[in-house]
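The two complexes that follow have chain A in common; it is paired with chain B in the first and with chain C in the second.
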Partner chain A sequence: FIPKMQCRQLLRCISRSPATSSSSCFGVARRQVHQPGGFDTSFGFEEVEPGQKQDRVNQVFNPVSNSYDVMNDLMSAGLHRCWKRRFVASANPRPGWRVVDVAGGTGDIALGLLEWSRKLPGRAPPPVRVAPGDGSVDSFREAAERQTAAAEAEAPASCTVSVVDPSPSMMQVGSAKASAKGSTFASSIQWLEGRAESLPLDEASSDLYTIAFGMRNCTDLPGVLREAHRVLKPYGRFACLEFCSVENPLLSILYDEYSFRVIPPMGLLVAGDWDSYEYLVESIRRFPHQTLFANMMREAGFSAVNYEVLWPGVCCIHSGYKLPSV
Partner chain B sequence: MLASIAFRFSAGSRLCVACRLLSTSPCESQIRGQVLDEALARVPDLGWTRSCVEAGARTLDLPETMADLAAPRGGADLALYFIDSCNDKLEAQLKLRSSGLSSAGEISLELVGFACRERLSMIRPLLPYWPAGIATLTGSPSLALESAARLQRLADDICHYAGDRSTDLGWYARRLAVGAVYASTEAFMLQDVSEDLVNTWAFLDRRINKDLAAIRTARQVAGGAFDVAANMLGLARR
Partner chain C sequence: LSRRLFAQSGRLLSLAASQRRPMTSSNASSQEPGDTLAIDDDFDPDLLPLGDIRRYPNHRPLDCGQRAFLAVGSGVACLAAPWRDDMISAFGETTGEWALRRLRDDMLANEEGRRILAERPRIRTVEGGGSIDLEALRRLPEGSLGRAYADFLDRYGYSPDHRRTVCFVDDPELAYVMQRYREIHDLNHVLLGQGTDFLGEVVVKWFEAFQTGLPMCVTGAFLGSLRLRPKQTRRYLQEGGYLAYALRTGSDADLTINYYFERNWHQPLAEVRQQLRIEEPPNLK
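And then the complex of A and B:
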């Protein structure tokens, strides 16, 4: 059952000609809502007061939390898994690191980081020495388990992740996934409710700060970057995976058509929510260009800032380091 | 688009193709240089790998994140740094020895020989491990492009300091020829077991005195191809 109003929206979207689609109005707000006093921030193409944005964002994410992962798979045809895996490989967390993952509600990145640090490529598992016993498979397996447990007890086997997210329902989905994977994973993740602009963490407490597809939902980008700088240890690393401006003109046309014509109807059919997914594609367009965002990172105090665009060119990984000030 | 690829190709180490470095503060390049220099000292033990770079960082009391900063792509970045530092040292030496300018397109073969010998001698300390280093640079198309850009930069430096100020098509042919001389001699050197590499130096002398000497001016380089094309189009004049 699709409500009549949204049926009309669906038909309008499909029949709209490319010239009038919102993609050609890049940078122009479609729905202007001016608030008295206070500066406006963007909520998709809508202008809202900063205080309101976080509530609006929560309204988007609380209801879609259950179908979030399914929708991600559908919208990106499974590509988001490749991007996230590449992001984790690039962040390269080592065992014993303390990682803070912001806006990582459903736990994709947190679980990926844990798995990566457990199975670092090039790190051989400790050799198992078995005393000559009865030579049976079971005794060997028991000896192997005992020795691996002993080795893990003396040195940390993986990193620890603190996931900070403003939406409790998203984190519920995430912690259910972590428990399903096993107690070793669930015990290494800490779920904290909070906003990126004011993290519930101590200064200089993390080796790595990651944020995947969450930066565009943040109200105050310089504030988020300053907070990331505060929370990182000296020599710590900042990594951000986010949709970027598409450089290739042909891809840009295809991408715009796909974003504005296919994604909201898909959201309606699968998650029952047209507006949330329209907000999603609009917030991507309002996010600063990748070079501008890199400059913002430099202004916040990060060094060695660069970005790497992932195939097919719709998202990129920004990376920076907090070098100690001399 | 082709022009931009060509520009990136010719810029050598000054522009990264895969990972665009937008700016480099002095502190960051200092750290990168120190970590990778320490890592190069450990290549005989750990190879051209990320763990080698991490060991280098550990020697300087820096955390593993600095290994990621210095070498985002692991061993390949270490190998590229080795090539770049050798090229920089060679350029410094060539500046001191550069011969007179020549706009006719003649380059000093003696200087080309000196430059190639100097550059190859810089590889000698890591010679048994260098084939593995080259292998890390064949991992992906972007890495292959970058290592080709390094060779192009090397050939350009040698030709420039050997006196080439020409502005015709021979510019490209000369750099190609010098690049080919260097690359073939390096490949020969990797499997040379003679005492003190005498066979390599003899090979280098043969390449320079026979092949390079044959390509002296633009007319000779481009002339052959133009004559063939002119004949085919019926434009040849006697």
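And then the complex of A and C:
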């Protein structure tokens, strides 16, 4: 039932030696000393200075980048693919759009967006203009074919995606995947190193802003939302896929036990890193409730803010539009 | 979940208990026969630790399900990838509880072993927090234990600091026994005169399996010997070969974990072997 390729990838991950930086996880004391004076952001359940959080996040993601995809498959039993496919469908990128995908290191969403937009028809070809005089059916048909071909040659085949991620090793994995898929994909993706709070993009340059499972790693949520608002064109769409607070009490108990008891040992076995995966499950718990996050989006200036909870209730898609300022 | 519930109920019980009248000298005389509990005024139920209690630095408490999962998973990973030392460590720690208890009792029965358990010396370099000065060991006379150990480390590029710290054993004393066993491993190589090629590792694993009884050593010795190459297998199985040597020495020798290596670097290696009743290794190369 489980595809052979995933089994092979899993065995490859287990056989890989643990990265040298993660070997320190066995010897490093977990609790950090509280630094007086600065306001502390949450790093999982430790409190750290805001400036340190990005370095700590990089320390978490650089060693796990090779086994990230395999661990995602294991942790969610393949469900993350369904969630991401639903996310791409609801984002619905049209050909010709410029999309910015933040924290999209390994390129799952970027490739999904490209595939989705390639399957959609482009701009409707302009109506055929026939030269006057020759009113025969054949000449009309030839003229129509010629003009449609010309229009299709002009129309873009897909959208273009700029992936912004603070971790270069994650983007290396992503660009390897994109090149494996083909040069059309690889040429439509631009890999930029940067943080969500200060995107290396111009104001009003994107039709669509997506961030999947990256918002909980961001230090300053209002700052990220303001930056997203800046980078979007008028009537541009913001879409965020993230783990949410579970409403169902039974599911909540099972989910907690699974997250805290099963996922860190699985991370140790596959990726050789217990601490990174413990950080991941703790950061999910510290993320604001879905209604609170929707309010934060409204405060940042987004309109028609809505969220949709995906089955089985552990993650949801927040979406909003940027209206032109009057 | 169960640990949290238990801690909560403990809090409630202690709160209920603190409602009782504290025992002071004035009412001691009026004490009823059944009222023998001494109430601690300074007890603060809010200081009860909730959640996992870590009993030593780097301790990671596991519950039953996690321990079973890690034991099975790390066993599979050890077979699939024997170069992953973190999996070998995890397998040893999650499956070694019973053997470590037996080993700790053997150490307590021995005078030097008891001293080791009391003082808890660590075989690490001075920079790593221990007491080993590698330069001093290299300057020791040829044929001494310390010199042989330094030569072994230099030949393979090892350092005593490379060993991982124990984290999955719950009892701190048993965790120290496991840590000591791990740090003794290189010294076992030196005492048995084996290198770190596959055959040498299998011989040392057999020796340690007899000495410690750890499941990790037993399975490592069995399954490792299945992966030997043909020439190594011949040397292993022949009359007077390595397998016979390992089995003989393993059952006859004294426990190396009871030997206080840190005080005996200057001793000649031959004398140390004689003292521990370890035979000279066969020279079959």
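Assume the second predicted complex is superposed on the first by the 261 of 326 C-alpha atoms of A that agree within 3 Å, B and C clash if a C-alpha of one lies under 4 Å from a C-alpha of the other, contacts with A are read in each partner's own complex, and residues count from 1 in each chain.
As a convention for this text, a residue touches a chain if its C-beta (ideal position, glycine included) is under 8 Å from a C-beta of that chain, and two chains touch if they have at least 3 such contacts.
Predicted, not measured: the structure shown is a model, and the values here were computed from it.
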item: Touched partner set for A:Glu308, first chain B, second chain C, both or neither; value: first
item: Chain B versus chain C as contact partner of A:Leu323, first or second or both or neither; value: first
item: First, second, both or neither for A:Arg237, with chain B first and chain C second; value: first
item: Which superposed partner A:Trp274 touches (first chain B, second chain C, both, neither); value: second
item: First, second, both or neither for A:Tyr258, with chain B first and chain C second; value: neither
item: Touching partner for A:Thr291 - first (chain B), second (chain C), both, neither; value: first
item: First, second, both or neither for A:Phe140, with chain B first and chain C second; value: neither
item: Chain C residues touching chain A - in the complex, by the definition given at the top; value: 1, 57-58, 60, 62-63, 65-66, 69-70, 73-74, 76-77, 80-81, 83-84, 86-87, 89-90, 164-165, 167
item: For the chain A and chain C complex, residues of the former touching the latter; value: 11, 14-18, 23, 26-27, 29, 253, 256-257, 261-262, 265-266, 268-269, 272, 274
item: Chain A to chain B touching residues, read off their complex; value: 90, 92, 94, 122, 207-208, 233, 235-237, 291, 294, 298, 303-308, 319, 321, 323, 326
item: For the chain B and chain A complex, residues of the former touching the latter; value: 18-25, 27-28, 31, 49-51, 62-66, 68-69, 72
